[in-house]
Every structure is written in C-alpha cells, then in structure tokens.
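Provided herewith is a single structure, encoded as structure tokens, for subsequent inquiry.
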Amino acid sequence: MTLENKEDVTVLILKFKRAAGLTWEGIAEKIGMSPVWTHSACMGMNAMPKDKAEALVKVLALPQEAALILEESPTKVWEQRVPTDPCIYRLYEIVGVYGPTIKALIHEKFGDGIMSAIDFDMSVTRVENPKGDRVKIEMSGKYLAYNSW
Amino acid sequence: MTLENKEDVTVLILKFKRAAGLTWEGIAEKIGMSPVWTHSACMGMNAMPKDKAEALVKVLALPQEAALILEESPTKVWEQRVPTDPCIYRLYEIVGVYGPTIKALIHEKFGDGIMSAIDFDMSVTRVENPKGDRVKIEMSGKYLAYNSW
Amino acid sequence: MTLENKEDVTVLILKFKRAAGLTWEGIAEKIGMSPVWTHSACMGMNAMPKDKAEALVKVLALPQEAALILEESPTKVWEQRVPTDPCIYRLYEIVGVYGPTIKALIHEKFGDGIMSAIDFDMSVTRVENPKGDRVKIEMSGKYLAYNSW
Amino acid sequence: MTLENKEDVTVLILKFKRAAGLTWEGIAEKIGMSPVWTHSACMGMNAMPKDKAEALVKVLALPQEAALILEESPTKVWEQRVPTDPCIYRLYEIVGVYGPTIKALIHEKFGDGIMSAIDFDMSVTRVENPKGDRVKIEMSGKYLAYNSW
Amino acid sequence: MTLENKEDVTVLILKFKRAAGLTWEGIAEKIGMSPVWTHSACMGMNAMPKDKAEALVKVLALPQEAALILEESPTKVWEQRVPTDPCIYRLYEIVGVYGPTIKALIHEKFGDGIMSAIDFDMSVTRVENPKGDRVKIEMSGKYLAYNSW
Amino acid sequence: MTLENKEDVTVLILKFKRAAGLTWEGIAEKIGMSPVWTHSACMGMNAMPKDKAEALVKVLALPQEAALILEESPTKVWEQRVPTDPCIYRLYEIVGVYGPTIKALIHEKFGDGIMSAIDFDMSVTRVENPKGDRVKIEMSGKYLAYNSW
Amino acid sequence: MTLENKEDVTVLILKFKRAAGLTWEGIAEKIGMSPVWTHSACMGMNAMPKDKAEALVKVLALPQEAALILEESPTKVWEQRVPTDPCIYRLYEIVGVYGPTIKALIHEKFGDGIMSAIDFDMSVTRVENPKGDRVKIEMSGKYLAYNSW
Amino acid sequence: MTLENKEDVTVLILKFKRAAGLTWEGIAEKIGMSPVWTHSACMGMNAMPKDKAEALVKVLALPQEAALILEESPTKVWEQRVPTDPCIYRLYEIVGVYGPTIKALIHEKFGDGIMSAIDFDMSVTRVENPKGDRVKIEMSGKYLAYNSW
Amino acid sequence: MTLENKEDVTVLILKFKRAAGLTWEGIAEKIGMSPVWTHSACMGMNAMPKDKAEALVKVLALPQEAALILEESPTKVWEQRVPTDPCIYRLYEIVGVYGPTIKALIHEKFGDGIMSAIDFDMSVTRVENPKGDRVKIEMSGKYLAYNSW
Amino acid sequence: MTLENKEDVTVLILKFKRAAGLTWEGIAEKIGMSPVWTHSACMGMNAMPKDKAEALVKVLALPQEAALILEESPTKVWEQRVPTDPCIYRLYEIVGVYGPTIKALIHEKFGDGIMSAIDFDMSVTRVENPKGDRVKIEMSGKYLAYNSW
C-alpha cells in the first residue's frame, strides 16, 4: 500500500491503533501532546511538527513515509451543513444558541475583535458528579483585535 | 408599546441597558446568575425562572408584563447556515474541525452517548497572557447514555 | 471479505437474513430485544451491548469479527433533506405538521424542556380495524429540563 | 380587526387563551376533541368541523366570523429544513434515525404500502417514572396498500 | 452477474428488452398490466405481485432470481430538485403552476382531503389532432379525507 | 384601493367571491371557460383574453381597472422547492415517481420531443366509486418535436 | 469496450476526434449539419436522425453500434447551479441580467407566450472588429402562444 | 414621492409608461437607443449616460431628480436559482444545454478566453415564418483572452 | 429620525454625502484614514475609534448620536452565496480560481498557518496603462501560525 | 499510465515535484513565469502557451504527451459554497466584507465597469515585520467599461 495523502495515513492509524489496542489518550501521552490535538492531527486536520510525526510513526509502527505526510499542511474540509450525528449536533446547537452571547461577552471584555481559531487549544475531560457525570470542554484562543488603517 | 413576545422584550432590554449604562456582567451579578445565561435569556433563547424574571424587571425598570414573557419557553431559532460574522464564525470553524475529535474522546471516556445541550452550562473569561490575552470558553454538559431496549 | 465498518456488517446481515429466511421480529426475539432497536442496530444506527452482538452473530452465523464492530459507537448520518420514499416521507409530514403541537403540549405538561432522543425507545405494531388495519407507533423518551445557571 | 385568514384567527386564539388563563387540554375538553388535534387546528393546520368551530368560538368568545375561517381547508406549510428548536429537532432526529426501521417493519407486517398521514391521529401523554418522568407519543394511521394496474 | 437489488434488475431488463426489440407497451400487454405501471415497476419504483414478476421473467428470459427482487417493496428515491430534462421539467412546470388550482378544486368538490398517490393509477396516450397530435395524461387517485379526533 | 398588479386583483377576487357565495365552477360557467383555467387566471397565473376579463369583472362586480390587469402577461413564479401541503405534495410525488415513465412512453409513442406546457389544457373531476370516490385529473398538451439543424 | 450509453459514445468521439486532428466545424461540415447542433449531439444532448448518426460513424470510424445510441432520445441533465467556468458563467450573467428584458419584448412583439427551446436553432460566429474581434451568438426559436380553455 | 434609488425610478417609469400608452420600442426610438438596452436601464440593470437619462426624463415627464439616479452604477442582482417563469426559464434551458457547446466553439475559433458580458450588446426581433413566426435573439460580445504572466 | 443601529447611520451617511457632493476618497482624507477602511466603516462593517467617529460626524454634519453607533462592534453579515453583481462577482471568481494557489504559496513561504483577515488592511488604486488602465488591489494581513499543544 | 486530462497531469506534477524536491517558486523561475500563474496552470486552472508547457515537461521530466494537455483550455470548476479550509476561507471573508467597498471605489475612480478577471495577474509575497511577518497579495486587472447601445 502506497501512502499518498492524509486520508491514507488516517486509515492506517485507525487500523494499527485497533490492532495495538491503544486509546487516543494513550497515544497522546506517548508522543507528549494533548489527546485533542493528537486525534485531530491523526484525522488529518492538523499538521504535525517533525518530531511528533516521527514519534507517532514509532508508537504505531507506521511505515516511515507516513511521517512526511503527517507534517504537511492539511486542507481542512468540514461539513458546512449541520451534521446529524447526535453527539456532534449538540455542539452546533450550543454554538447556534450561544454564539451571539459569546460574541457579546468577548466585545464587552476585550473590545472589537475575535477569539482566534488558529492560535488555539482545547481539552475534553470527564467530571464526576453524583447526579450523573459531566463532559467538560475547555477552549482557549488568543484575542485578535481588528485593525484600523 | 404592548409587549407581545420575546422579541419585543429583547428590544426593550437593549434600550434600557444602553440608557442605564449597564454591562451584561453587571446585570448578571444583580440578578444572581451567570453572564452567559443572563445574556442568552435576555436574547429570548432561555426561559427565566419567575424570581429571576422579576429581578430583571426591577434592575432595568422594565414594564411588569415583561416578566411573564421572560418566563415563557422559547422557540430557539438559530441560523442553520454557518454565520458570517468573524467572531461567531470562528466558533463554527472550531466545532467543524474538532467535532469528530470531541465525539471520539467522549466515546472513549464515557461509552456510547452524548454531552447534553439541555442540562448544560457555559462561561466566557479573559485570561491574561504576556503574548496577548486569551479568551477562555468552558462548557459543561451532563453525559447521556443511549438506551437499548 | 474483511469486515471494516458497520456498512460492511449491515450488508452481511441483510444477505444472511435473506438466506436464512428470517424476519426482523424473528431475529429480535432470538436476541431478546425489540424489533425496532434490533433493526436499527443492524442498520448501524445503534451500538450493541457485547452479549447482544454475540447473540446476533450466532443467530445469523456471522463471522466472529462482526461482533466487535456491532459494539462500536455509530456515527449517525441521516438525510437532512426530507426523504422522498412515501412511507418515510409521511413520518416527516407528521412531524412537520404536528411538531409545534407536540412542543406546546410538552411545555404545558412538563415545563421548559424536551423529550430525550437518547434515553428513548419505540415500537411499531399492527392494530386490526374493520375499516382497514392501522399502523401504531409508540415513542417514549425521558423528559429533560433546561438548566439555569 | 378584520379576520381574513387562519393566521389572524390563530393570533386571536393565543391572545384570548392567555387572557382567559386556559390550557390546551382545557380547551380541548370543552370542545370535546383531543388536545393534539385541538392545538393543531388552532394553529391553522387542520380544518374544524362546523360544530367544533362554533364550540371554540363560544369557549374563547371569539368573533363569530372566526368560525367560518376555522372550517376552511388549510394550506399546510411547514419548514422543509430541519428546525433548530431543540424540542422539535429531537423529533426529526428520531424520524431521521428510525425512519428506515419503521418502513422495514411496516413492510414486514403489512406488505407494500404506507401509514397514512391523513387518516391519522396522535396523542402526547406524561408517564410517571422514578428515574425521571417520560414523554409518550402515540401515533395511529391507516395502512394504505399501493395499487397495481 | 449476481442480482442484488432493483438497480441490477433494471439494468438487465433494459439490456434484454433492447436485445429482444420489445417496447414497453408490448411487454405490458404480455404480462397483462398497463404500460405506465409496467415501466415504473421495471425501473424499480413499484413492487410486482408474484405472478406478474414471474410473467416478466418469462417474457424477457431474465434469471429466475430476478423475480424475488421484483416483488420487494422499493425505496422510492426521486430528485427533490426540479429535473432539467425538458420532457420531465414540463411536468413540474404544470404541477408548479396548476398545483394550487387542483387543490382548490379538490376541496370544492370533495371537502378537506387529498388525492391519494398510493391508491392511484395513470395512463399516457397519443391523441391525433390535425393541428399536431397531443399527449394525453390521465391520473386517478382515491380521495382521502382528513381525520378529526 | 388602487389596483396595481395581479396580486391586488387576486385578493379582490377572493374577497368578492366569498361575499357572493360563488364557487370556482360557478364562476367558470358564467364566463364560459373551464374551472381549471378560470381559477388559474384568477390566481394571476394565466392572462385573460379581453372578453373573458370583462366577463369576470361583471360576474364579480370588480372595479373596471381590474380587466386591464387580468389581460396582462403574468410572470409565473412557483415554488422550486417541493411544497409541503399534503394535497399539492402528492402531485409532486406522482411526477417524481412517474416522470421518467411518462418520458419513456412519450418517446416510444412520438419520438424525440416533449408534451407542451404552453399549448396545454387540464381538467379535474370527481368519479363516483363504491370503494371511495376518486379524483380524476386529465392533462392534454401538444407534442413538440426537437429540431435538428 | 462495450458502448452502453451516450456517455460512452461521447468519450469515444472525443478520443477519435483528437486522434484524427478534426475540428467541430470540420465534423459538422462532413455530416452536413451545423457546428452547434453537431457538438451538442456528440455531447449526448440531442438525438441524431439515422442518416446523420451513420455519417458520423463513418467520419470518425466509430464502431457501428455507436449509431444506435446516437439516435436515442437523451435525458438532458445540466447544472441547476450557475456554473463557475468563466466562459459559461458569462452566458448565465447575460440571461440573468437580460432575461426579464427579453420576456418584456417578446410579450410586446408577440403577445402572451414564449420562445420555444425545442423548435430551436443557434449559431456561434467570429466577427472581425478593429477594436478586438467579437463573438456573435444567434438564437432562433418558434413563438408558442399560451392556450386558454 | 421622494426618489431614492433605482427601484423607485423603475416604479415611476412603469406607471408613466402605462399612462402614456408607450411601448419599449417607442421609448427606445425616442431616446435613440436600442429596445433591449433601454428596457434594461429602465429596470435599473444598466447605468444611463447623462444625455440619455435626460432624454428619458423628458419622454416620460419624470421628475428631474430621476436623471441623476438613472446615471448611477447599478448593483446588478439577479436570481441565482433558475427562474420559474416559462418565458425566462427557456433561456436558462438553452444556456444549460448549449453552454458547453458555445464554450467549445469559442475556444476553437478564438483560443483560450471568453465572450465579454460587459462590452456586450443584444437584440430581440420577430421573424415571420409560414410555420409560425420565430423569436430571434442576437448577442455580440468582445472576445477577451486570458492573460499569462 | 432616531438613529438605532448601523443601518440607520449608513443611510444618513449616504444621504449627507450625496448632498455635500463628497467622494469616499475626500471623506477618507478629511478623517485621516484610508478610503477602503472609511467606506467599510461607513457601511457598518468596521467599528470606528472614538476620534474617527467624531471626525466623521463633523465632516458630514451628522447628528451627534451617530458617533456612538459608529464606535460599536459590528455584526458582519455578508452574502454566503456568490453575489451576482459583475463587479463583485469577479472578485469571487478570482478567489475561487486562485484560492488554492494562494494557500499553497503561503504554506511554502511561511509554514502551516493563514493570512489574518482581522489584522488586515487593503487599498484600491488606478494604474495608468496605454492598453487600458488597470485596477490594482493590494491586501496585507498578518501571518498567523497554527498552534500545536 | 495514460494521461487523459488535466487532473491526470496535475497528479503527475505533484508526484514528480515531491520526488525532485522542488518548490513552486523554483519551478516558476525555471519556466520563466510567476509562481501564482505557474501553480494555477499546474492545478489545471489556466492554459499554458506551447513553449511554457514544453519547458515544464523538461523541468519535471513529465511524459511528452503532458504538454498537449497543459495547452488545452481548462473548464474552471471551483466551489460555489464558501470553502472551509481556514486559509482559503479568510479570502472569502475579505471579499465578502470588502466586496461592496471595492465596487464603490472602482466606480468612483473609473466609472461604470469592472476589474477584469481574465486580463488579470496576481502575486503573493512575504513582508518582514517586527510585530510578525505579513502576507501581501497584489491583484491587477484591466478596467472594462459597460457598453451602451
């Protein structure tokens, strides 16, 4: 099998991960990055720095040529229509309902600008709770102010 | 002016807030709720418990009839097409790129289920940083497992 | 034939079911689950608990590796455009016409919240009737109340 | 105010219902019909038989001309895009996920045909449950077989 | 060639029909059904009763397994966007322009209800005319009245 | 009230028709045209010949200026998305399912060409039937052959 | 290679045309038809009369079975979304901007009706001009008057 | 009535044209321009040179301020979805079917480039014909070659 | 006239600009900003710093309250469908054709990241040229590198 | 591998470029053209003059037949929906926000017309900046004036 692009590498990662019985958290720990970023880069949605690409190749025993492709800049294609999977849909529902609220509070706290989606990081954690455990998602992005000229 | 629905009340809230020189954080504190929930309920996207609706009416000196409408269950209508405002768009970009990642990690940590968008809360804060301050968004939702029958 | 995902397993189930001359009701009874849930899980729209997956593998003499895939969390993709098949279209017509009515009655009976589509079950039965037999569909979902914070 | 169409009558019904402090269940009982059908006809999505239209006019003290409009055949317009309100969206999610399952079971139980959405009725009830009360929706529609000619 | 679904059978029918030099009218006559229904069932848009499926298999010398598939209930998928072929487009133009007229006349002649598209038949004939021959399309569907409950 | 376009005239026609207690069949008979064409022209979807426009003005006692507007060529705007009203939707379902069949039979009976939607007429009638009365729709359009050059 | 439909024939035409170093004008002249019609029929968008199909088969040395397929009535599928190729887009821009103008002038010159796209022909020519040569497109279609009945 | 934009002027032109009993051809002749360009500029889809704007103001006795607005550069907004009016739709059908043909012939006659829709003119004429008169549309646009750099 | 939002202020700016016979370049020069930014802020697509808002109010003699609204953060709403105006469409055509090229060159010159549309400026100038003057558009945006974490 | 169209050639170019370790700038320099145009023509979005096609074939050691295909006029197909890749999306955001501004300034500086996207060139450069390097995009297109006739 020749590896030609990020899709090919993703297929291989999923296969080898299943075979090795690894979790995303486990892989992330082994290459010294967060689980969110690790999964996203494995899905071809982020470029890996050279050392991380090579670490991943070792962890999963991928063919060497996979490293070069993991380092390439991705073309990030995602569904423009709201997805139907309930677990993902709920995220759009939240952003749809609370988007204008987040915008209003960013402008109130920072001024005219945005939260960067490029200089950005995120985590997902499980929080125990007697009424039922909760999913906690934390996002952090650099504030970018609009330019006037 | 007769108040007939949540849109009418929102217009009035924005007008009286501007006149009173209040911020969303200030209003939220006065009614003892979070800024995110307060703004969202003022926008007509959440129903207010009776005491909070009455507190808001006092804080902004709204007409008494506004309280009843603030208590009603909203019909939450939000854009199904990805919005163009850069501050809101970046949130969709994040959910579009990282949605499958969040799904994979929820399944890995909890099993087959979702993060509720109903039993849910959120905050937006400013985090100081020498390389440029950052926007921090924290979401928390109850984990709901699929039923088998 | 290597089984790689739920689509592969569904194709096999349909083939073996036809060969064995089984009905969905028959299969459901044999694995001790309802026909609605059984068909849905066989279509790849629900994850099977381990014991049910293994029971199904036995009933249909599927290859052993099918069980692991039947246990995986599905990505539920369904048509966002209203489908054209008359039997399915009529369901959308009902939900389109009566959706706001169901919402109004849920709010009247429960308060501000929704019927869960996750903690949910459903049945389809035939009801004899001298004017022509009728299809009866029963849905039951947990009421979830909105959070205020 | 001249009443010209079903939208005008709906606005009036909502106003007089709020003023009279009535519920949909209460109105339905007074005119001797089910709550689902009553709400739907008040929303302009079903035509009222003459005696029911006149009963409703009395119950809510509507102007007499409202009765004629309530009797007219409606043009049923509903959103072709999946609605965003969470309470209504969940119904589409159910129909999207389980639509092919319902179709398969109807064909298995009845043959090649559909459940009518015209010769049809529905109820919404609250079912007490120690783990949290549940919403129960029951639909019943006449089976219609395809014609061969 | 293994026959797996209605698409496979349709391809075979078209091939054998061309080879045998038959017309749709000729095939229809041989199996004792109308040309409209016969073509539609051959296209996989209607289910064939057992005897008609077997008759068709004989007429076209199809493999025996085709009969079982011809008997299955189809999933009727048709273009939701108006098609561009001029011959088919004109039908949509007619329905687009005259749809509300047909609705008004059905309500005037029958009451609140619809013409069934399930208990339905249709014919297409050529009518000679000195100013240019004309296409005549006749549709007949059972009237279905809305239920009140 | 100034009449400026076909929409204005349609509103007036509906109002005067209701006031006069007339049916479409009755109006059609009085102006000596078919009910389908009459309703369609009253809806602004067809242009009226001068004498028919004047006859209609007399029958309904419309203001004289309405005649001129009834004679104008309409801009026929109809929904490009399949309409949701069940009575009209069924017509699209028929055309969606049987469109390719009608095309095949027209080509078989006439050659490469279409049924005109311009040199066209249509009727809607009620046919008594002991199993339930039926709606009969008849369409007739001139055959137009493609040009080769 | 078996020829099964118009797409297959088009691929072969393009290949043989390239190999033979022919132009569309050259082919058109050889079969005694216009270049516009010839290209369109080669693209599978028009049916060829028997003699023209056979002439084309000779000119390009196509396999004999291609003639039968060239004679078949096409299903004309074209992009319903405005195409992006600049050369084709400009044609839509012209029709978009000047469509209502053409309609107004047709009604002014002919009455209530249309220009046929079926009984229709077209040419594309190069016109020399010192300020830069110009493309000239001429269309001619039979006027069709609307029917009243 | 204050004139604020091209829409306002168009409404006035239509009104005064009807009152004066003028045709587009007649107006065009009076201002010394073609009927196509004149109608298009009156619809707000082209900017008028100063002298033509003033000539039109005189011909139709428009208020003087209309001239300035007629001279402004328009924002040309036209339907991106194919329009439904049969007279305009046929133009899209022609461009949809023959667009790739026109492109192929332009490239064959000129090289890699397009027909300009900016340096462009058009005419619509009636051509007598014993088999039925024909509409003739002629378009002429400057050829523009792509740049290489 | 009460000024309530940026739309109201834009209408006023256009009116007063026309009355004062000013150009965008002239206004921009008077407030000491670029023409691109000035026009954009006047259209409500950028927020004005306090001193610039006050300068604009003086230059155009706007009511004092306009300054506050000019300072507010805008909600930038723009057409998600490609616009039809030829002057704007050409910009989309350029971005559509050359977007992947710009992306490839940015990655080649900078690494994995983007050109900011927030920390951004632009100019439009006229460049004389004997073969026809040219429009020159220059854009400059800060390079933002993706974060790994 | 037979080369049949521009897609085939693009795949080969990418493969040979990677193997040769070349950059787009390096290739562009070797064939004496700009990087933007070179990348775009290699992607199949521009036609190459004969000498440039042959130069490219030499530089990358492509099969000789690639030259002919590189010379062909492309059919430029680009996404009509705004793309999701952040690097490309930002360009649409800029054109969406500033499109009307560019239009207003072109009309102010030139009159009623457009910037050509055909007689057009573009460059992308890196500009050093102590606050972070910047991407500079320069576009130049011939001004084209609308025709009046």
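A, B, C, D, E, F, G, H, I and J are the chain letters, set down in written order, and residue numbers restart from 1 in every chain.
In the analysis below, a contact is a pair of C-beta atoms (placed from the backbone, for glycine too) under 8 Å apart; a residue touches a chain by one contact, two chains touch by 3 or more.
All values derive from a computational prediction rather than experimental measurement.
S.K.: Determine the shortest chain-contact distance, in steps, between subunit B and subunit J.
M.R.: 1
S.K.: Please identify each chain that touches subunit H as well as subunit J.
M.R.: G, I
S.K.: Can you spot which of D-E, C-E or B-J is a repeat of the H-J interface, where more than half the contact pairs line up?
M.R.: Repeated interface of H-J: D-E.
S.K.: Where the CA atoms of subunit E average out and where those of subunit F average out, how many Å apart are those spots?
M.R.: 24
S.K.: Please tell me the distance, in whole Å, between the geometric centres of subunit B and subunit E computed from their C-alpha atoms.
M.R.: 52
S.K.: What is the distance, in whole Å, between the centres of subunit A and subunit G, each centre taken as the mean of its C-alpha atoms?
M.R.: Each chain's C-alpha centroid was found; their separation is 50 Å.
S.K.: For subunit C, write out the residues touching at least two other chains, lowest number first.
M.R.: If we look for residues of subunit C contacting two or more partner chains, we find 36, 75-76, 78, 80-86, 93, 96, 103, 107, 113-114, 116-120.
S.K.: Among the chains present, which pairs are found to touch?
M.R.: The list of touching pairs comes to A-B, A-C, A-D, A-I, A-J, B-C, B-D, B-I, B-J, C-D, C-E, C-F, D-E, D-F, E-F, E-G, E-H, F-G, F-H, G-H, G-I, G-J, H-I, H-J, I-J.
S.K.: Touching residues of subunit H toward subunit I in the complex: what are they?
M.R.: Those residues of subunit H that touch subunit I are 73-78, 80, 117-118.
S.K.: Tell me, which parts of subunit H touch subunit G in their complex?
M.R.: Going through subunit H, the ones touching subunit G are 23-25, 35-36, 39-40, 43, 45, 76, 78-83, 85-88, 90-110, 113-117, 119-120, 122, 124-127, 129, 131-143.
S.K.: Write out the stretch or stretches of subunit C touching subunit F in their complex.
M.R.: Contact set of subunit C toward subunit F: 82, 84, 86, 89, 93, 96.
S.K.: Help me check something: in the complex, which residues belonging to subunit D touch subunit E?
M.R.: Residue positions touching the partner: 33-34, 36-37, 41, 46-49, 52, 73, 75, 100, 103, 107, 111-114, 116, 118-121, 144-149.
S.K.: Okay, in this complex, where on subunit H does subunit F touch?
M.R.: Touching subunit F: residues 81-86 of subunit H.
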